[in-house]
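The structure that follows is given in the form of structure tokens.
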Amino acid sequence: MSLGLFYALVGGGLFALGLAGLILQPRLLGKILAFNILGSGAFLVLVGLAQRGGTPDPVPQAMVLTGIVVAVAATALALALTRRLADLSGAAVLPEDDARAPANPRGPDGD
Amino acid sequence: MILDSLLPPLVVLSSFLPGLVIFFLDESRVRLRTTLNLVGAVTKLLLIAYMLWGVFHQQDFVFRHTVLPGFDLVLNADALAMLFVTLSAVLWFFTTLYAIGYLEGAPHRSRFFGFFSLCVTATVGVAMAGNLFTFFIFYELLTLATYPLVVHRGTPEALRAGQRYLAYTLGGGAILLVGIIWLYTLAGSVDFVHGGSLAALGSAHAAELRWIFLLLIAGVGVKAALVPLHGWLPQAMVAPAPVSALLHAVAVVKAGAFGIVRVVYEVYGVTFAQVLGVLTPLSWVASATILWGSLRALAQDDLKRRLAYSTVSQVSYIVLGVTLFGPVGTVGGVVHLVHQGIMKITLFFCAGNYAETLGIHRVSQMDGVGRRMPWTTAAFTLAAFGMIGLPPLAGFVSKWYLGLGALEAGMDWVIGVLMLSSLLNAAYFLPIVYRAWFKPQAGEWPHEHILARGRRETGWLLLLPPVFTAAAALAVGLFAAMPFSPLDWVQLIAEREYAP
Amino acid sequence: MAIESVAPLPWLVLLPLAWATLSFLLGPSRGAGIAIVGLLLQAGLVLLLAWQLTTMGTQHHAVGGWGAPLGIDLVADGLSVVMLLMTAAVALPVAIYARAWFVAKPAGAAWFWPLSGFLVAALNGLFLSADLFNIYVTLELLGLAAVGLTAATGERRAVAAAMRYLLATLLGSGAYLMGVALVYGTYGSVSLAVLGGLVESLPVVMLAAGLMVAGMLLKTALFPLHFWLPPAHGGAATPVSALLSALVIKASFYLALRLWFGVFEPLAAVSAAQVLGALGAAAVFWGSVQALLQARLKMLVAYSTVAQVGYLFLVFPLATGTPAEAAAGAWQGGVLQAVAHALAKAAMFAAAGAMILGAGSDRIDRLGGVGARLPLALFAFGLAGIVLMGLPPTGGFATKWLLLMAALETGQWWWAAVLVGGGLLAAAYVFRVLLAAFAPVPEQGRVTGVARSLEWTAFALATAGVLLGLFAAHVVTLLDVGA
Amino acid sequence: MNRWASVAVALLCAVLALALAWAMWDLPPAPVALPAQVAGSLAISGVEHPVTAVLLNFRGYDTLLEVGVLLIALLGMLAAGATPERMTALPPDPVLEGLARLLAPLMVLVAGYLLWAGAFRPGGAFQAAAVLAAAGVLLRLAGPVTAWTRPGRVLRLALAAGFVVFLAVAVLGLAQGAMLEYPRAWAGSLILAVEAGLTVSLGLTLAGLFLAGPEIPRGGPRT
């Protein structure tokens, strides 16, 4: 087994781990961490699988750089929203009832 | 000629465009709105007069626009189309006049007249549809345009009636659509062709074609108020009188009956339909509807409800005529399309006049109304006699040809249905006429809105339309043998349909 | 410069990026004017592109001059151009609407213009890209812009919805990225053109395709992955709701379609397609019933989107492993449904927004009097509803027609039942609103007027949805280019 | 979520991991060999390091959009609204502050080096920007820099500058025939210009992801 393939296998495991965490973690911070694990898994597969033959490949490396920046941006936005939500509702979790359109506590003022 | 092919869409647009403009007009622009209405109505009549002349001389007016591959929007002004177009355009003109008088000072008139025009647009489209797709398009448009008219008053009762109306008609539309598409996948064409186009498929698909026939007839039968699909019609009576007049005489119910005519004659072909054996069951349904409608009418005290059940019954004469195999039966059925329209619109105009002038809504309140409103009552009487089938009125001509057609088709039992139904007609119309003319007035009128001024018993815009249509009901019976009478025109259609 | 030499492809991405940046530089709540000008130019470019397509066929642009697989290619075929037309046709009226909306309701206005500029750029970029990894970047651009717009009112409900939406969209693109990684590892390229000739039925490719399509299902909110959609679409500022429901979910649907019937065609299994169809059918019924039960107008409209998304996925069973002619019809029907729904749903949200603004409440039972005071908005709502019901002669009908034909031609009558039944359910929830708005009000003058442009843009969008049905043949012709 | 559902999710994810491993285990070599193509075109790319060449030339379009992603993440944070300052107030620490003031210029220098080095060895705009952003975070934590809720005109210009330069270069390329096509002779300089712009903007944006949002309570951040 080449080093590249090893990375890729680890990446696959991290991806699955992240997926499980994203679904199962109740707290938003946990979900955000899980997303980062999931993303890292995908990056590892991208770089590792392409280099399983041993030759380094600059294309996936560049792609992963791009991907990391995107992930940083997404993480930052997620953290900001979490903080904002915690300020507004007092807890960094998603309200369970939201999908069912709760009554607006501030009265029927539309948007 | 390019212009000739543009005439059918122009006829459609002549009410669509004014309707669209009216919809966005401010409520206070009474004069502009009236002008637009009348300009549209008159333009339509002129266009139709020109086309009638052309169709008589075997000229074709066909418009075609491809919507999707294999799906053409076709407007074809054939003889049958022109019959219905003329009927609806003429009656629309009168109804517009009537509605202007009827709604004077009422709220939401822009909305009303906007949808009113859309409604006639849809009817004209139904009439000129050259294939089932086009028919379906306008058939559904008709549903949508009439819904706001039915709920126009906005009362809980009206809203309920509207809901029921939608449930029936949209359901019917969905069934119709499935039938059309099934037929199209089977036959590759759903064009209206003289003599039908399905005979070529032969008996290999007989079972499927019977199912499709059921779907199509059920789809259009909802609007034609065939029993047991008639439940929406009596409820829709909450609409203002001009709407009821239009619904019963011109637009909705007629579109359904007209659809049955098209399906039997020009999709299946009457000969092929006979071979498939689908006509006889349809004639049973029609007969049942005729008798059931009349029986229910007997039990109604509300004048408009009584008229509504009468419509259920009368429209099935058209369906019955269609099922009588042979040209005479065809004449009887199709000509009733016109005759019933003229008579029924008169009756609804009169009912509207009673309600609007004196607040009379029930048969039991009509004692002695003939002396207070002689012109209206005279018109009512003429139309009622026509419905019963007294000679020389329009209804007599229809029933005469239906009877002859039944004999020709060897379905003698239909005569019995016709006679029984005429008796029932008499039983629910004659008491009204008797009360109106011969009973003394019993106390005050329920709610007198419009006072008599000299010889004028009510507003002249309310009075003139029923008087004219009643005169027409007499004229089409008296002069049935004259060229260009409805009967003459229908005989032309029947000749073309049964031509070898 | 001759008009033939203008290359619309790169400009379709650069132009919205430029006006987005410019409006950011101008500062908070600024930039409506340049956005509208930019969108007008964009509409012109797309029309030019459509014309080029019909005369010269599929259009290509090799970014950086390298060409695939080293560089990234932009390709505009019929499907791309129809999607681009849809984007332009929705974004322009919505921009005009938004300009008036934020005057009346400033919540969420601050960074609306730059965010929506990036959103439009992402959409255009996604529809044009022929490179799997580049598509990933456009997906993320699109998703984050959409989340930012959702959260922008700063209200608790909106922020919670945005958070839920963000997690869903990140998970979706994460799964997609994993698929890209597997594909690159297997074939050494992410260019659609290169992969087109290489893809075969290997386990790793099946896994990649499964992950990518699943990611797109989540982003398109196909039942039962729709949980994030109603609060996000129902809770955002109205112009945002219109953009999200009309356009954003279509991007991921487009991608699912592109992949399934494009590079992954050799793997497409009838059984998987039937599953997608079944989920679509469940979405139609679940979404419609939920819409019927909502007390709030915008939530009703949002659940209607859940239902309408279901129709989109009927394409898969109808066009996978079926005879070529039926498959072509189903495919056309699916794309037309995406466009018809985009126009109608944007119109519906716009009209709903105007009605809510006028009535001062988004509760459906408080809409009484709207019919009298805001007839144009209500009319637009009704027209849009008719498109969604699939009644003739609208775009929704053309869609339903094509799908029904395909269903009956291939003997899959159960999908026909879904189409017909779904139309009736749509009628039920649309007329529920109309009924409420027709109801007379005891208090005179409770409903106030709104800016005219709010009503007119809704009406224009709805009319476009209707006219689409009459001119569907043109769209279908365009769609066939390069298909 | 109840226990059984959790177990089911965990099991499914485990199955996914195994499936991924099995699918990746014994793959034949990829039919397309991009590294060779990259190497073949490196000489005309304007830079010597292959990753930088891919990042800013061959797939520069990805990078252009990715800068957009960063910018909208920042916009999204700003749009979601300001939240009150939640940082626990540290006592003013002259040592910490002094150190930060000393380190910051040094970090800017390192960023400059990384930017320059990117053309021929690992490094480049992103690495440089990350260091710049770290400097910003450090200064914020140590005190001298305050948080910002709404960027002013100058700050907006700086935030967007990198993107604007990149866009301008993309448009410039159209004159050559394709978006982002660098003229051969100018490729190196243009890429450096883009990278310089990006370093500033990305550094600020990344720092902004940390700095943006908190509303400064009355009386300054430290009270």
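Some observations on this one:
Order as written gives the chain letters A, B, C and D; numbering starts at 1 within each chain.
Just so it is clear, a residue touches a chain if its C-beta (ideal position, glycine included) is under 8 Å from a C-beta of that chain, and two chains touch if they have at least 3 such contacts.
Only a predicted model underlies this, so the values are computations on that prediction, with no experimental measurement involved.
With respect to chain C, maximal separation of chain centres occurs for B (centres as means of Cα atoms). Between B-C and A-D, more C-beta contact pairs join the chains of A-D. Central chain assignment: C. Criterion: smallest distance from chain C-alpha mean to the mean of all protein C-alpha atoms. We define each chain's centre as the mean of its Cα atoms; on that basis chain B and chain C are separated by 42 Å.
Per-chain CA centroids place chain A at a distance of 17 Å from chain D. Mean C-alpha positions place chain A and chain C at a centre distance of 25 Å. Mean C-alpha position of chain B lies 72 Å from that of chain D.
Residue positions of chain D touching 2 or more other chains: 20, 24, 27, 30, 34, 38, 58-59, 62, 66, 69, 72-73, 76-77, 80-81. Residues of chain B in contact with two or more other chains: none.
Of all residues in chain A, those that touch two or more other chains are 8, 15, 19, 45, 49-50, 52, 59, 63, 66, 70, 73-74, 77, 81, 84. Judged by the touch criterion defined above, the protein chains form a pattern that is neither an open path, a ring nor a star, and not fully connected either.
Here the touching chains pair up as A-C, A-D, B-C, C-D. Considering their complex, residues 105, 107, 133, 136-137, 140, 144, 147-148, 151, 153-157, 159-164, 166-167, 170-171, 174, 177-178, 180-182, 184-186, 188, 227-228, 230-231, 234, 236-238, 294-296, 298-299, 353, 356-357, 360-363, 366 of chain C touch chain A. Here chain D touches chain A in the complex through residues 1, 6, 9-10, 13-14, 16-17, 20-21, 24-25, 27, 29-30, 34-35, 38, 50-51, 53-55, 58-59, 62-63, 66, 69-70, 72-74, 76-77, 80-81, 83-84, 86, 126, 206, 209-210, 212-213, going by the rule given at the top. The residues of chain C lying in touch with chain D in their complex are 7, 10, 13-14, 17-18, 21, 24-25, 27-28, 61-66, 69-72, 108, 110-112, 114-115, 118, 121-122, 125, 133-134, 137-138, 140-141, 144-145, 147-149, 151-152, 154, 159, 162, 182, 184-189, 194, 198, 202-204, 206-207. Chain A meets chain D in the complex at residues 5, 8-9, 12-13, 15-17, 19-20, 23-24, 45, 49-50, 52-53, 55-59, 61-63, 65-66, 69-70, 72-74, 76-77, 80-81, 83-84, 87. The residues of chain B lying in touch with chain C in their complex are 23-24, 65-69, 71, 73, 107-108, 110-111, 133, 136-137, 140-141, 144, 147-148, 151, 154, 159, 162-163, 166, 170-171, 173-174, 177-178, 181-182, 184-185.
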